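Each in structure tokens, the structures are laid out below.
Shared between the two complexes below is chain A, which pairs with chain B and chain C, respectively.
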Partner chain A sequence: MSTHRRSGFWLQLGLTLLVCAFIAVPMGYSVLAGLMRNAFIGLRSGLTLEWVGQVLQLYWPTILLSVEIALLCLVATLLIGIPAAYALARAPGRLARLAEEALVLPVAVPGLATGLALVVAYDGWGGFRQSIWFILAGHVLFTLPFMLRAVLAVMSSADLRILEEGAASLGASFIRRFFDVVLPNCRTGILAGALTVITLSMGEFNLTWILHTPVTQTLPVALADAYASMRLEIGSAYTLVFFVLIVPLLLCLQRATRPQTARKRP
Partner chain B sequence: MTTTIKLEQCGKSFAQTRVLEPVNLTVNAGETLVLLGPSGCGKTTLLRLIAGLETPDAGGRVIFDARDVTRLPIEKRNVGMVFQSYALFPNMNVAENVGYGLKIRGVPKPEREARVAQMLEMMRIPDLRHRLISQLSGGQRQRVALARAVAAAPDVLLLDEPLTALDAKLRETLRVEIDTLLRKLGITTIYVTHDQAEAMALADRLVVMQKGRIAQIGTPREIWFNPADRYVAEFIGAAASLSGRVENGMLRLSGLSVPWAAPDGPVRVMLRPHALRLAGAHDGTGVEVCAAQFIGERTRLTVALPDRTLVSLDASASIIAVPGDILHAALDPAALIVLPESQTP
Partner chain C sequence: MLLPAALVFLAFFIVPFGALLHVGAQGANGIGGFWLALTDPRHLESLVATLILSAVVTIATLILGGVCGLFLGRHHFPGHALLVSILTLPLAFPGVVVGFMIIMLAGRQGLVSEISLALHGGRIVFAYSVWGLFLGYLYFSIPRVVLTVMAAAAMLEASFEEAARSLGAKPARVFLDVTLPALKPALISAGALTFATSMGAFGTAFTLATRINVLPMMIYTDFTLTTDLSAVAALSLLLGLVSWVVLSLARGATGSGAAAG
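Moving on, here comes the complex of A and B:
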């Protein structure tokens, strides 16, 4: 390869950096604002962790609740989504395809509408209506299609079906096949689904805004609250906290979904 | 330890479409039976019925020795299977793949490892034991698939076009290896292929299939020398099909003739390249060379018979001919396949 790069390369690099800057600069600024003593004066006012401290103090329960709901939501979507995807991938006929479409419907409906529907339907169920399970139900409803789609995509491949037949030919029962062959070889789809579910649940606002009560506030709802009623610095510091929470998670999951390279020897 | 397989009235339909007419078939203990036919002839469906991956239509029965296994799924039939795409597990390494059947059967680890090592040794791939499937070549995958299929000592070995995915040269090598392996194991084997050379080389008995039914069953020799009909003859050897006539003890065919003891009447003659030989002007008929291909051990000529029918003729490698040359050819009666004319493929 020649060391002398052509002008096309620099043009592409420049364009890429420009696009990255377009996306990253506002976020970077927002995060930075949360660290400034006074965002209106700017960096000259000096840096501080005071706002972050206030956010943690004020909103710690909402952060915890969001993580809790996201994890519970992940468990629920895994437990429902994987078997459902498997059943749909294996079921022949038009009915299965119809079910597939129906399951994806919540994505097409605005979160507010889904939220309202849930509130109307479960209004009489006082205990449930006021618990975090109500929010969780909303999140599961919203995120399940993403899990289902991601898993279904890998499960419908003809290859997987043949792998299953291969395992069966070696004497493996359905349960053994499912855990030894199906799940490990759907890993990428499952992890991609998990990634989507966690991030969607953590960031979900529309639905949650309708469903929440003062004691079941999640991070994004509280974030809106902070933006509306607190100093700009607190809102920004809260954004920073959100990033700190979500970015490592994203990186981990992204790493895990990378195609399998050489594995350790047993 | 070897198993006899018996199929009784095994047919298969998928949504109104019958892909396999009800067949009766016995596979003798320890023999290698090859199912041969073009794609869509039902050979893979037949194999899958035997495997337990499909169940026959009502009335069909699959019997292993005295055991009726018709309703048993594949995992309960103790078969070994090699798939066209190998179906090796990408989430396991070579040794784990080969040992999977043993693990399922609860074989203790030390014993399992010894058996895996023995299998890899037998397939001459001991160095690959820690490799991932994605790191293997096609030929290596094939060997792993074979090792995996036989590791747990199955009663029946089933191979579905195992060499189709490989290039021609490797196919040749592996064909010989598979043949040696099957002879050594002495296990009842059913082998599906669309390649007649592969089928001939491996089969104890051959089942030629056509459009969901069995066209002919026999040893490779029987089928080569006595094909039941035009379809089998055409599928087995690239043969020209000519219409001829027997008259007064002579077979007349496109201007050629040869003594033939049969009642008078029209016949269909399947002509393989070696059924026609070059002869002298006194005992041969003049034919015109249309093309000559030197293919190493011989020269394959395409010649026009007196009635302008084009046929192939295998001549010795020393023959040098160019299009337009007139040579003399004669029929070799021993190599002719003569069928009643009424049959259609």
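Moving on, here comes the complex of A and C:
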């Protein structure tokens, strides 16, 4: 196979490997620095879990809050996004397209701008402003478009419409059709949407940095704090903890969204 | 069934941006405050710097990510999945983590610094310069371009390229006349996404604390320092508008999704 591969192939492979290194090497070095006894001295100082332990002790509430917000965000986007996607998939015409355009708008606007707008609008609402619900509102706004699009892509398929019509002609009620026909057939889209929502919520910074208060610090927010005020080993160990949470999610997401062919049902 | 989504959109997007518009007009100069903010030399300088940086990042990412995406979309070999995984990992990294990656690479205790120290006794540090910022933006942009181009490359009709080759076209001709036009929609959409994300990127610049005042940093600093919100409101709205316009222009050419980092 490799006999007829021209020099262009190797050149492109070389560049691809270089770009991979650009992404992976800092990650690896950061993980290592979080495990080194003293990053300034380097590997000779020996490896330790001491920094990771300190991070867990110092920042456990922020990790918990991030997981909590991500899960609440998932529930909210499922409850809001799936019905909305169904409505948009079934509603014909320009108005539905316009509604879709509007609902995905929050993704096109930088989180910083949205965050400032939210803070300005809800500044007087002390209780809400200082609760985790305020951050959740921002996360739901930002992640809903991803759930909507993922589910909508599957729901718009012609197969599903035919299946649903078939069920209706056999006398299945709307509730029955929705839960027994529509939802099971959309599970690939729902899964992809769910993974995207959790991953994005866990890693959201731009919006959350503006929305957070000292009592509502999420993982990425506290991470920024650690980078600015803690020693390098702590920052690295905290990043390591973040990687441990986010990388498996990302790998699942890659898996869920990759097989384009598998989505077409036989 | 659309109602809950519409309510969320109304309460947390339309109302807040309406409030921002309203508050912006309440400054010492009223509605004129918007114009003053947009013409302020400090703001203009930051706007131009951000536009240039975003444009350069977009071009560089399209070239690098384009080559990787095209390559990985067309060739399959052992380890292919691993390379794709690595290239798409930063997709959900917050800007602050990307900034930290650049510090690990080129900061005071970074990899480049340690290696240069070992080689010739001097530390090379560029994480906090424009180059650090540029690399950071490249870091979070590459995955989006690779993914888009890879998907487009997988759909590419290999027979067209073969036909062109069999008719005697040189590789460069085939690339320019057959491959590139076929990839154009993917490149436009990926480019728009990169540009919009770079314009609004905040976390990376925040971590690197560069002297170059990119627009989001300028807005944030103004927000924390001043009580007159008219400039903050004006620049935020401008930033949102630019991102949205760029993305929707590109959406006319394609139909793909977008994410702001």
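Everything that follows uses one rule, which is that the second predicted complex is superposed on the first by the 225 of 266 C-alpha atoms of A that agree within 3 Å, B and C clash if a C-alpha of one lies under 4 Å from a C-alpha of the other, contacts with A are read in each partner's own complex, and residues count from 1 in each chain.
In this text, contacts are C-beta pairs under 8 Å (C-beta built on N, C-alpha and C of every residue); 3 or more make two chains touch, one makes a residue touch a chain.
This one's a predicted model, so the numbers in the text were calculated from it and none came from an experiment.
Considering which of chain B and chain C touches more of chain A, the answer is C. By the touch criterion defined above, A:L170 lies against chain B but remains apart from chain C after alignment on the C-alpha atoms of chain A. Residue contacts after overlaying the shared chain place A:Y122 against chain C, while chain B stays out of touching range.
Of the two partner chains, chain B is the only one that A:D159 touches; chain C does not reach it. In the superposed model, A:L72 makes contact with neither chain B nor chain C.
Shared-chain residue A:V181: touches chain B; no touch with chain C.
In the superposition on chain A, A:L105 makes contact with chain C only, not with chain B.
Once chain A of one complex is fitted onto chain A of the other, the partner contacts of A:L245 are absent, as it touches neither chain B nor chain C. Contact with neither chain B nor chain C is seen for A:L58 once the two complexes are overlaid on the shared chain. Within the complex, the chain B residues that touch chain A are 51, 53, 73-76, 78-81, 83, 85-91, 93, 96, 100-101, 104-105, 130, 132, 134-135, 148-149, 152, 158. Here chain A touches chain C in the complex through residues 8-9, 12-13, 15-17, 19-20, 22-27, 29-30, 33, 39-40, 42, 79-81, 83-84, 86-88, 99, 102-114, 116-118, 120-122, 137-138, 140-141, 144-146, 148-149, 199-200, 202-206, 209-210, 220, 223-224, 227-228, 232, 235-236, 239, 242, 246-247, 249-251, 254, going by the rule given at the top.
Here chain A touches chain B in the complex through residues 159, 162-163, 165-173, 176, 180-181, 184-185, 187, 260, 262-263, 265-266, going by the rule given at the top.
Of all residues in chain C, those touching chain A in their complex are 1-2, 4-6, 8-9, 11-13, 15-20, 23, 64-65, 67-68, 70-72, 75, 83-97, 99-105, 109-111, 114, 135, 138-139, 142, 171, 196, 199-203, 206-207, 216, 219-220, 223, 229, 232-233, 236-237, 239-240, 243-244, 247-248, 257-261.
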